[in-house]
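The same chain A turns up in both complexes below, where it pairs with chain B and then with chain C.
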Partner chain A sequence: MGKFVDRPKYICAMGGAVATLNALPGVVPILHAAAGCGFNISNAINGGGGYVGSGYCGGQSLPSSNVFEKEIVFGGEGRLEQQILSTMEIAEADIYFVITGCMVEMIGDDAVSVVKRLNKGKRLFAADTGGFRGNSYKGYDIVLSKLFSEYVQTGLEKDERLVNLWGIVPVQDVYWKGNLRVLKKLVEGLGYKVNTFFGEDETLEDLKESSKAILNIVVSDTYGIDAAKTFKEVHDTDYITTDFPIGDHGTARFIKEVGTALGASNEVINALIKKERKRYYGYLERVVDAYSDFDLQRYAVIVGDANYTQGLTRFLSDDLGWLPELVIINDLLEEEQKEFLRRKFSDYESGIKPELVFDTDASSVLKHINRHWEVNKNPRYYDSMTPAFLIGSSFEKETAQKIKAQHLSVMYPVSNRVVLDRAYAGFEGALTLTEDIFSVLLESR
Partner chain B sequence: MANKKIKQIAIYGKGGIGKSTTTSNISAALVKQGFKVMQFGCDPKSDSTNTLRGGKYIPTVLDTLREKTTVKASEVIHEGFGGVYCVEAGGPAPGVGCAGRGIITAVQLFKQQRVFEELDLDFVIYDVLGDVVCGGFAVPIREGIAEHVFTVSSADFMAVYAANNLFRGIHKYSNAGGALLGGVIANSINAPYAKEIIDDFVKQTKTQVVEYVPRSVTVTQSELQGKTTIEAAPNSEQAKIYTRLALKIAEHTESKVPEPLDVHELREWASKWADHLLALETGEVTSKASCI
Partner chain C sequence: MENRVYNYLNEKAPPVREDRLKACSAFGGSCCALSEGIRKGCLNGTRRQFSQTQGCTLVLSLAILNTVRNAVIVVHGPIGCGGGNIFFAGISKMFKQLRDPKAEGLIWINTNLDEADSISGGEAKLKEAILFAEEEFRPEAIIVVNSCVPAIIGDDVESVAKDLQKRIAAKIVTVHCEGFKSKIMATAYDSVYHGILRNLVIGNEKPQKDFIDDEERYKAELVKSKTVNLLNVSSMSHSDELELKRILEALGLKVRILPCYSTPEDFEEIHEAALNVSICSTHDDYFVGHLKEHYNIPYILETIPIGIENTNKWVLDIAEHFGLRQEAQRLVEYETRELNKALEPYKKALANKTVFLAGGEIRVLATAELLQDLGLEVLGMKGYHFDEFGEKLIPTVKNNDKMVFNIATGQPFEQSNLLKNLKPDVYVGHVGGNVWAAKQGLPVFPIFSQAVNYMGYSGVFEVARRLNRILKNNSFNKNISKHTRLPYYDSWYEEDPFKYIENQGK
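Presenting the complex of A and B:
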């Protein structure tokens, strides 16, 4: 029997698909699932996603076939067809996208062929997203792959100044929209137009013509890779994967990697880094006095997903001069992915080598902290891991209290903050992150 | 008659092995003995009770449920030969939906409505589709529905394989108040070696043969008339065998947990018999075969 996951920090594949589709402009998802699926998914998206809200046609307004026993016994394709047609009549959208839950897949309902039969062209799509296929990240990959292979036009002439950027998963990265805005601006700084699909001012037309891009930048080594492979297969566009950048050390690398892949000159790359650094340190230096006067250096424990943990740890270690002690990644990962990720946590300029733990149980954080740092058993002298700061999700709030550390929710689920256009990526995001972290430290003043 | 114990029996076996023929003849024989019997077909093909009703199909539980949201059990009970109450669970069209869930729905509907008690039945016999491919087809042997299970099997390997699978299902549910195995109804047993194969299989799995039923043209003739052998040829040798089987089942009280073979054991067992049959065919006389 497989190991169960205690306190997962994601939803099922269909949940990831709903979040992804809700984040696209002009798209209405149609769920082919039991009534509970849409309800639970909506709650998990809204409650864990910094109160992202229902959007145009999400939340409790999600169209769903709401199958019951009758559909399970006799098959639910007829019910789905009915739901598609009524949704298309009532809800205005450019694209309707059918996604399937566990039970309809188990009984063999074929949503893809229902959609094919209805013959609505590039307005109606379907993908199998049964929850058992994986978690939110899988749903993101499934939806993107489907759109890349069926919606994005083939045979368009390449635009030498156009790139696509993804790998920042809507809702699983609670700050996705802000982060995409920041990263888009950075790549634009290299002289390119950028499609991010889910960011500000993005259109479906841009997505449809995204095959014109000369490069796909996947800002993750873990998420969106399957979609990049599909894109390469269908549209013959190469892709690179980069680390999710936070702060100077992460973002300068990001600019160099992307710039080099695009063949930008060193002058252009360095000029952009210089310009960004000037602004960044111009603001960051303001906090130096308080940092020194109040002694705001902290031991840090970082708990969360594969994208953020590496970006945060590099930022804390090399930008902020903190002492990251322990990093816990809660994602479901393959052995090769873990091996690859280990290398990301070992080359800090500070020379710090935090302990890296892979544990899918978010409930085990305290256990790892107590193992990592000897618990106080009242000896005469005790070297405690204080003052400490825990960066994680809302799940870690209590754990932080138990170890008397301060806490900031950065990764999903974020239930104790409202998130609008905030970003933590890049130089700009690192300033916001610094504000947020130091505001927590100084809140009692 | 409030305290009367209704005997609930499930009959399983590989598709096409003669389950429905056997079950219908058992039902017919039991009503002739004066018992009140219901035959409950648990197969989406819904042809279990055909020979009890002159070859006519009846509306199934699920057909009726498809049309209406609630169904009264009395609407889907149809009387057949000698007053046998015939029910067909029915199911979805081939290739869609979930037949297993359909069986669960139909059986639970009857259980909830306490129909068996109201009809004052002596026997309920479930005739269930073959290989116990999913949880739905195991419903009669779990949840305290049937108490005794009989499996119809010929000496063909695939039929034995299906029987062994059923034994695994019974074994699994045996600790949770599920049905236990009454034994094997050995069907189409004509060649002498067929009897030997089945005897060996029941020995290996610690069960018993309830009755050996030979293949008979009388059965075919009766079925072509849309009747059971008990109805169409009551004085035939075959009818006597079915009556004897029915009485044995009626008197049967103690079922047991079988000991199914695992996949490797089953393969080994089969290949041993394959060697033996080859030896018979080629005329090789060994001490084991010389008695045949």
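Presenting the complex of A and C:
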């Protein structure tokens, strides 16, 4: 049983499902829920997702059955059926996907059966996404699992040059679309075609035929795993999990892991890494003057989700030569997930050993910092944790001011920046991240 | 309205507005049909066969409660409830600091009810969260906001609060705003005021101090006799408050501003006033009604100070109460004359532009009057809901028999159809609805902003100035409209925009 959360950095399963469905091309979600659910969710998506906006049929356009007292008393399946049919009449989409909120599940409405009854084939789906089932990440897994088991075709012949890649959760990863573009390009560099479902130029047709892939690459040890298991069960496709890569050290490992799993030769793997490194260091070299002249090394505190904290810490430690001191992961995690994650923060080439803490509460960040680094008791000479940089979300802006650290919002929620096609993954994304971090350091000039 | 009884405070929650005000949330048609429907009470049960998501009472309750300083919010519900706060966390601090530079940012705690709690109850988690809020933040108040799930499983929030109140210093305020209970989002105002009245106002009055002599007592009574509570709303700006304060102070009145951006303690003095001044009847009738009931404080409720005519009426109504009619008349004439001079160039630029408006019923109608005064032609309006308060304002809008009225909380599909066919020169709309008009290529003027002046005399000038600026270059929206599309089939725009509304008795 979980506990309360002080300023959660995620919303509910239904919120994750909405974000996931909005990010797919040609899909219109139909909420079977109380009226406020979609509205509240949309505020969280837009306001925390770098102003991702309402999209095609999100925001206040989200079709929703808006159940009230009458349905709560007498049942809402009739209202849902009416809403599905009217939505299909007015809103244009290839797929309509019904997702359910807490209330309709508690009164026993069976959305999956309603959808089955309506018999619309591969145009209409339903999944139970009641908010009490979990947070946004859970909603992502539920939607993907449903699509993999019911939308993706079975019995297709495997395509030896095709893989699927996911684990980057739309909106919870504010740069999901850019990141998928970068990772897709990397795997293409190994000689494969890649479906990412949510990236640029992806189609529903690709998703439907994604069972042709020979491998599923889940770029996370935490998100999208249930979906990978479903895929394996239904389509007998193996999956690997990899760390979310940022920068040379993370991305070279990523290429090696994926390449090895695909049976690529060492020559192919090394050639790709070499080519990427050449471009990467070609640009990174530019900042050496400023880095050396102004001493831009920083102590770092990293606060956020399981995917990014891992990738960022490796990048800061091993690429930028910074000093990550403290990492706080805010996700709601099982003990075994935590155990697995702990291993990710201890093998840096720099030899740096940051402290890793699991804590869901926004108010804890400052407490952990003060505990981690001895506070100033006013001796004549005091070795403070300065200069420091706090990488987190918009929520950490205030904490950063309190410890006199500079700050960049990278992880959800990002409310103080607009994000369009930006990416932080891979070699390419690490250059953008370097631009963003160093621009903060130099903004007073 | 004068004969309405306000005696709901013994209940843990207020009645919903469907019952209390016979409010309507789905309608499309002429203004006469709307007026008549409201008067007869026959628009009460209207509903849609196709609907889009809309705000609920919890969402709107938070919009107000988030502004209270020195308070921590506890949202009792599954992990997503109150998540929309993410949108407001950053700016909330900025607005609070306009009132107090040391104000902390928005703090809210979600009790994270999971599947097991949805069966066995969530009271234990609520207790934990309240105790955490007390120990961690030492706030003046802990505001518990109750969502749908605990209401269905039967969590006894009142008992939890009552038990804990004995152990903690912060005042616990309970707000029952379960979203499924009312289609009328504005029921939230009643829920919030209900919680404030029960937990911060009645029985919490700051004790009257002992006066040394009659002179001191006389002075205190004199101050009280000139003090007004100016009730603000979360959608107005600090500069709106300053403008309204300026006007009332010009009449020699002392102004106390509540409830938004005040501290819990501020409510303990609310009864020390000669008059409650509302700027929006939709927002405040429940509050001023109960304050009248308990403290016999009269109130001004029926006008919103938006546009010259409504602002003048607002000022004169208040002045009337204090016997300052002549002074106010001079003030109003002076302000109107100066303002009209300043408006001249904008009136030329804006003449005969057509406009469609959307937003809260009162604000929409008052803004329509303002825009007509600037020379614009109003083609139609959409109100979030409608009741007798809106009905009373209809006559202030000229040529209203030629306009289309849509009553819809959100529901942009109806609006998109209307805009496609009405083709106004500009759209004036509410947060969340603006994007759809923008994607149709229309210039958009947001109907409220917490950052700029909109009310009073200076507000009229600001609206004119901004509207004129926005109309100078619409390239962005035009470009976007060419390269994006709304989610509806083309055939939708050929249909009756109100075809999905049931039983509106057309």
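In the analysis below, the second predicted complex is superposed on the first by the 443 of 445 C-alpha atoms of A that agree within 3 Å, B and C clash if a C-alpha of one lies under 4 Å from a C-alpha of the other, contacts with A are read in each partner's own complex, and residues count from 1 in each chain.
Note that in this section a residue touches a chain if its C-beta (ideal position, glycine included) is under 8 Å from a C-beta of that chain, and two chains touch if they have at least 3 such contacts.
Keep in mind the model is a prediction, meaning the values are calculated, not measured.
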Query raised in the report: Which partner does A:Leu31 contact after superposing on A: first (chain B), second (chain C), both, neither?
Result: second
Query raised in the report: Does chain C touch more residues of chain A than chain B does, or is it the other way round?
Result: C
Query raised in the report: Between chain B (first) and chain C (second), which does A:Phe39 come into contact with in this model arrangement: first, second, both, or neither?
Result: second
Query raised in the report: Given the touch rule stated above, what does A:Lys377 touch, chain B (first), chain C (second), both, or neither?
Result: neither
Query raised in the report: In the superposed arrangement, which partner chain does A:Met106 touch: chain B (first), chain C (second), both, or neither?
Result: both
Requested in this report: Name the contact category of A:Lys3: first (chain B only), second (chain C only), both, or neither.
Outcome: second
Query - Which of chain B and chain C A:Ile72 touches, first, second, both or neither - result: both
Query raised in the report: Touching A:Arg343 in the superposition: chain B (first), chain C (second), both, neither?
Result: neither
Query - Contact residues of chain A, present in both the chain B and the chain C interface - result: 69, 72, 106-107
Query raised in the report: Once bound in the complex, which stretches of chain C touch chain A?
Result: 49-59, 74, 77-90, 93, 105, 107-118, 125, 128-129, 132, 136-137, 148-149, 152-153, 179-183, 409-413, 432-433, 435-436, 486-489, 492, 500
Query raised in the report: For the complex, which residues does chain A have touching chain B?
Result: 69-77, 106-109
Query raised in the report: Taking the complex as given, what residues does chain B use to touch chain A?
Result: 62, 65-66, 91-93, 95-99, 101-102, 105
Query raised in the report: Along chain A, where are the residues that touch chain C in the complex?
Result: 1-8, 10-15, 28, 31, 34-44, 46-48, 53-54, 56-57, 59-69, 72, 82-83, 86-87, 89-93, 102-103, 106-107, 130-135, 332, 362-363, 394-395, 397-398, 413, 415-416
